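Shared between the two complexes below is chain A, which pairs with chain B and chain C, respectively.
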Partner chain A sequence: MDDARIIRRRLSPRLWLAGGWLLLALLAAIFAPLIAPQDPLAQDLMLERLPPFWLDGAEPGYWLGTDSLGRDLFSRLIFGGRIAFIVAFAAAIAACLVGSTLGLIAGYFGGWADRIISRIVDIWMAFPPVLFAILLVAVLGTGLSSVILAIAIIDWTRFCRVIRAEAMGQSRMDYVENARIAGYGRIGIMLREVLPNVLPSIVALLSLEMGIAVIVEAILSFVNLSISTDDPTWGGIIAEGRLSIHQAWWVLVFPLITLILTVLSFSQFGEALKARFDPVLR
Partner chain B sequence: MLLQRFLIRLLTMLVTLFGVAVVVFVVIRIAPGDPIAMMLPPGATDADIARLRALYGLDKTIVEQFFIWLSGVVRGDFGTSISLRQDVLGLVFNRLPATLELAIVALVMAVALGGTTAILGARERGTAVEAGIDIASGAALSIPDFLWGLVLILLFGVLVPIFDISGRVSPQLDLPFVTQFYFFESLLRLRFDLTWDLLKHMLMPAVALALPLAAIISQLLKQSLKEVLDLDYVVLARVKGFSETQVILREALKNAALPTLTLVGVQFTFLIGGTVIVERLFSYEGLGNMAIDAVINRDLPLIQGIVLVFALLFVLINLTVDMMYALLNPRLRHG
Partner chain C sequence: MSACLEINNLSAVLANGQRVLRSVSLAVQPGEVRALVGESGAGKTMIGKAVLGVLPSSVRVVEGDMKLEGEDLGRLQPKARRTLIGARTALIPQDPLTALNPSRRIGPQMTDRLVRILGWSGDKADRRIRQLLDEVQIRDPDRVLRSYPHELSGGMRQRVLIAAAFAAEPRLIVADEPTTALDVTVQKQILLLIAELQREHGTAILFVTHDLGVVAKISQKVSVLYAGKVVEEADTTALFTAPQHPYTRALMAATPRYTDPLASLKPVDETVLRGLAAEIATADQAWRRPHG
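Right after this comes the complex of A and B.
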């Protein structure tokens, strides 16, 4: 079909650019110990606030410069990517499983199930999300699993709201009625007929949520409430950069560029995937 | 019809607020770490600890504690802040105006920027101008306020230092204000020197908060405008000889604005939620900044109070938007 080919061609560069950056960042994070030119934790006061390689006073081996404790910025960034991707995948998948399940139930079954789930979503939406996240991590105690749990506890509503609306729309379609007449059970219809049709939205949301999880982790590290170890995080580097912004701008600029590219890539990747899987567009 | 809708919404609003109160109470009570132990100097006797626990009602069961706290809240008594040793409601009211001013200025900016680009995009539909607006709004939407704040700090705080990147007002200034609404009061008092100083502090956090919302308004309003512009009555106005801009402003905008309005309500609550971290980023002395300090200090009464005030704000905004929608939508008005 000509139309499909046009859509596919227009979407391709977006998918490739976004996917390419994510793959690059992910590989750098996985193989960080092999790639990092320096120990990300090694402090050297003789090397503090070295500028990036193209400026005067740069040292070879410290490509993006060093922070106020003389730690290598490039090595810290790729090691920080490890925490970012672990949080992104784990938190987004957890939020997706809880939110999509509840959304599917509320949207397809309606009635009391819908009323109770929707009321809980309303209550959740009345919390400022960042404050909720900070509060949860403070309560659960800092650490990787607390950060993941906090993000999942807060962001399941994103999946629930969208999937509920879509499942509600799908359950009014003829094919659902036909399946019922054909004698399929309600849970069977929900899983075999409705779920595949809302899957493109789930995939897009999942990718978007990974970007959001990366940001929330950065925010939590920024207020010093994330993983509590010495391991570098993108938000932690940004917090240092914000403090020494007038002496060493690069400590803020490079993690910021990394975060922006990662967040943009996750959202664009999700959009492009949705367009690919969407049965109507395809 | 309208009254009935209003009462139902009011009731759900109370249920939501009660739910928020329960959730925040439960979350806070499972927190490890004894706030009382942190308040007392080392060497305090068990009797001292018990007396203080009783003073804050921490010796009762959790359900009793909840209803004692809730009955206080209903009477306007939110308790005493543990870290600041002041009345929680007083502290919250002292900081809330700064946050409201920031949020309202950001909202006005978002509506102005989003509205202008939507109208421009609809007028120039199908051209490079529209494509440019689409790309800009796509980027503005995908990048969250926290990152916009950092970008703005780098651009206008360091690279071209024209705005202040921390605080609400220059500390050396003599402030004649009687309310905490410094910005609005400076306008009313015609003290534009102070308005300018406040604006210089407020502009960057406000822009950081406004950009994602402006992008949403721009995208949605442009879409609605383009749909309306193909309708018969708009075509008729065009035949009558109105220019395209006149057609959009006089005929199309009124009918295209309704879906956007509903969305702006929800999005405005997201914007207010964003003030928490943006205030922190710019050391702006608002409610959100105080909330983060309260969490770090494990100041339970203050956290409860702030979360509840935020929740109240959110449900009130949703109620207002819902009522405005009902008033403006002819189908519901005469329903």
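Right after this comes the complex of A and C.
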């Protein structure tokens, strides 16, 4: 059994594949100005709808081809990654902080705290999330920070629900009672005894949420409600690609692949991390 | 000299008004082992929790008082009560797996309490823990201290918990069926270990069990509990030679002997139980009159 465990730890392909893709995409986004072969905003009508490098008519330096305005698709994708990652990290961390804190409090303290927090979550979840997001952005105005805010405002409940249930389960365990008998304070027990045991779930959810934030941001960009500047976003590129699907399928397909890979990687990475950090599963 | 633990007339009710403890009185003298015996649901765990201040929120104490080394727990501020209980008592729990935090290594888990609650230095706590691990016959303390709970066997975990319970030199230990969750082969070792440490450290123990065999082995005094009521209290030897209450006699008759394994199938005598039910009903009635 020990051997099986070790093998599973060493060869966790999904951890490495997902983590590898995310690292690659993140590095590309961070160093986009250095890596991008072209200016992502530069239009050149002479170069419009160039195909990707392996097809006839491709130009060197335009690896994934160009869109109908002659802008380099690859450069636009890695610049779009910047916004995707900023939104993913900021929105997921904000949702996580709020949701996990409230979930931990509701689950550990129970009673009134739990009743109030759970009721708020119920009300929140009654709204369909995508509609809620569009509504919020309409109210908050477009722009990076309102997209981040909208996602955090909607999705903290995901953390709250899961962490509440887990914290509640942990709080019934004898080790929590033991800590109480030993004389630890309530907040200390919540942070030192309960929190470490729900941390693997928080990490998994955080990663999952990053993927979700990427999708939501793409949807908002797709319906043109996200970032009002000209900065390329994956959702924006997909929206443009849809219009020229018959002349230049690559403008739609490559951002879609990028988006799906990234979202999948976030969720798989989270799961794999959880399995790795959970002392009992490990 | 005051008793280590003194419970007077303690009654507790559930939210629906049902009594789970019925005017319980018992005392544990310093250095003495008092067994608390009774069948499942009798309220043994409830008494232990009441003493340690961790009753579930659905259970409410409605009368009586508890004194820990002469200090009336009910009169203390919550904070002072916690500190007193933390410093003077410890629990050896029934389930050694859930009683340890699964995500923390054994070492920090054990020393933490000495350092943070009792204010010991890290070094002193570490030496103390190692000494105790030696006393509970753990031969590879380094490995154990580095392990997570799930990496140890049930017997090992219970040894760790026994060591942790004695480490802070409490005056009173509540042992709640400390061997029931263990393999039969380990049960005896653990029992012997508790008895040995108890003798060496002179710690008083409130030993909760449903097993009269265990009572005979480990305790000097016994309280027999039925439906939250102490029906008999005696020196252990006296109880076994001349049980007074019919329920105690019935319990003894129902206890399996090693020579007669089929005896374990025998339930406690019906008529005795009926008599008890009547006894409790009258007691409840008498109790309700002044308490509304």
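Convention: the second predicted complex is superposed on the first by the 274 of 282 C-alpha atoms of A that agree within 3 Å, B and C clash if a C-alpha of one lies under 4 Å from a C-alpha of the other, contacts with A are read in each partner's own complex, and residues count from 1 in each chain.
Note that contacts are C-beta pairs under 8 Å (C-beta built on N, C-alpha and C of every residue); 3 or more make two chains touch, one makes a residue touch a chain.
These numbers were taken from a predicted model, which means no experiment stands behind them.
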On the A-aligned overlay, A:L45 touches which partner chain: chain B = first, chain C = second, or both, or neither?
neither
Using the superposition on chain A described above, determine whether A:V223 touches chain B (first), chain C (second), both, or neither.
first
Examine A:L34 and indicate which partner it touches, taking first as chain B and second as chain C; both and neither are also allowed.
neither
If we overlay the two complexes on their shared chain A, which of chain B and chain C does A:P196 touch? Say first, second, both or neither.
second
Count the residues of chain A touched by chain B and by chain C, then name the partner with the higher count.
B
Shared chain A contacts, counted only where both chain B and chain C touch the same residue:
none
So, in the complex, the side of chain B touching chain A is made of residues 12, 15-17, 19-20, 23-24, 27-28, 30-32, 139, 142-144, 146-147, 150-151, 153-154, 157-158, 269, 272-277, 280-281, 288, 291-292, 295-296, 298, 303, 306-307, 310-311, 314-315
State the interface residues of chain A toward chain B in the complex, per the touch definition above.
119-120, 122-123, 125-132, 134-136, 138-139, 141, 211-212, 215, 218-219, 222-223, 225, 238, 242, 245-246, 249, 252-253, 256, 259-260, 263-264, 267-268
Spell out the part of chain A that touches chain C in their complex, as residue ranges.
110-111, 173-175, 177-178, 180-184, 193, 196-197, 199, 279-280
Going by the contact rule at the top, pick out the chain C residues touching chain A in the complex.
52-54, 57, 82-83, 85-87, 89-91, 93-95, 98-104, 113, 116-117, 148, 150
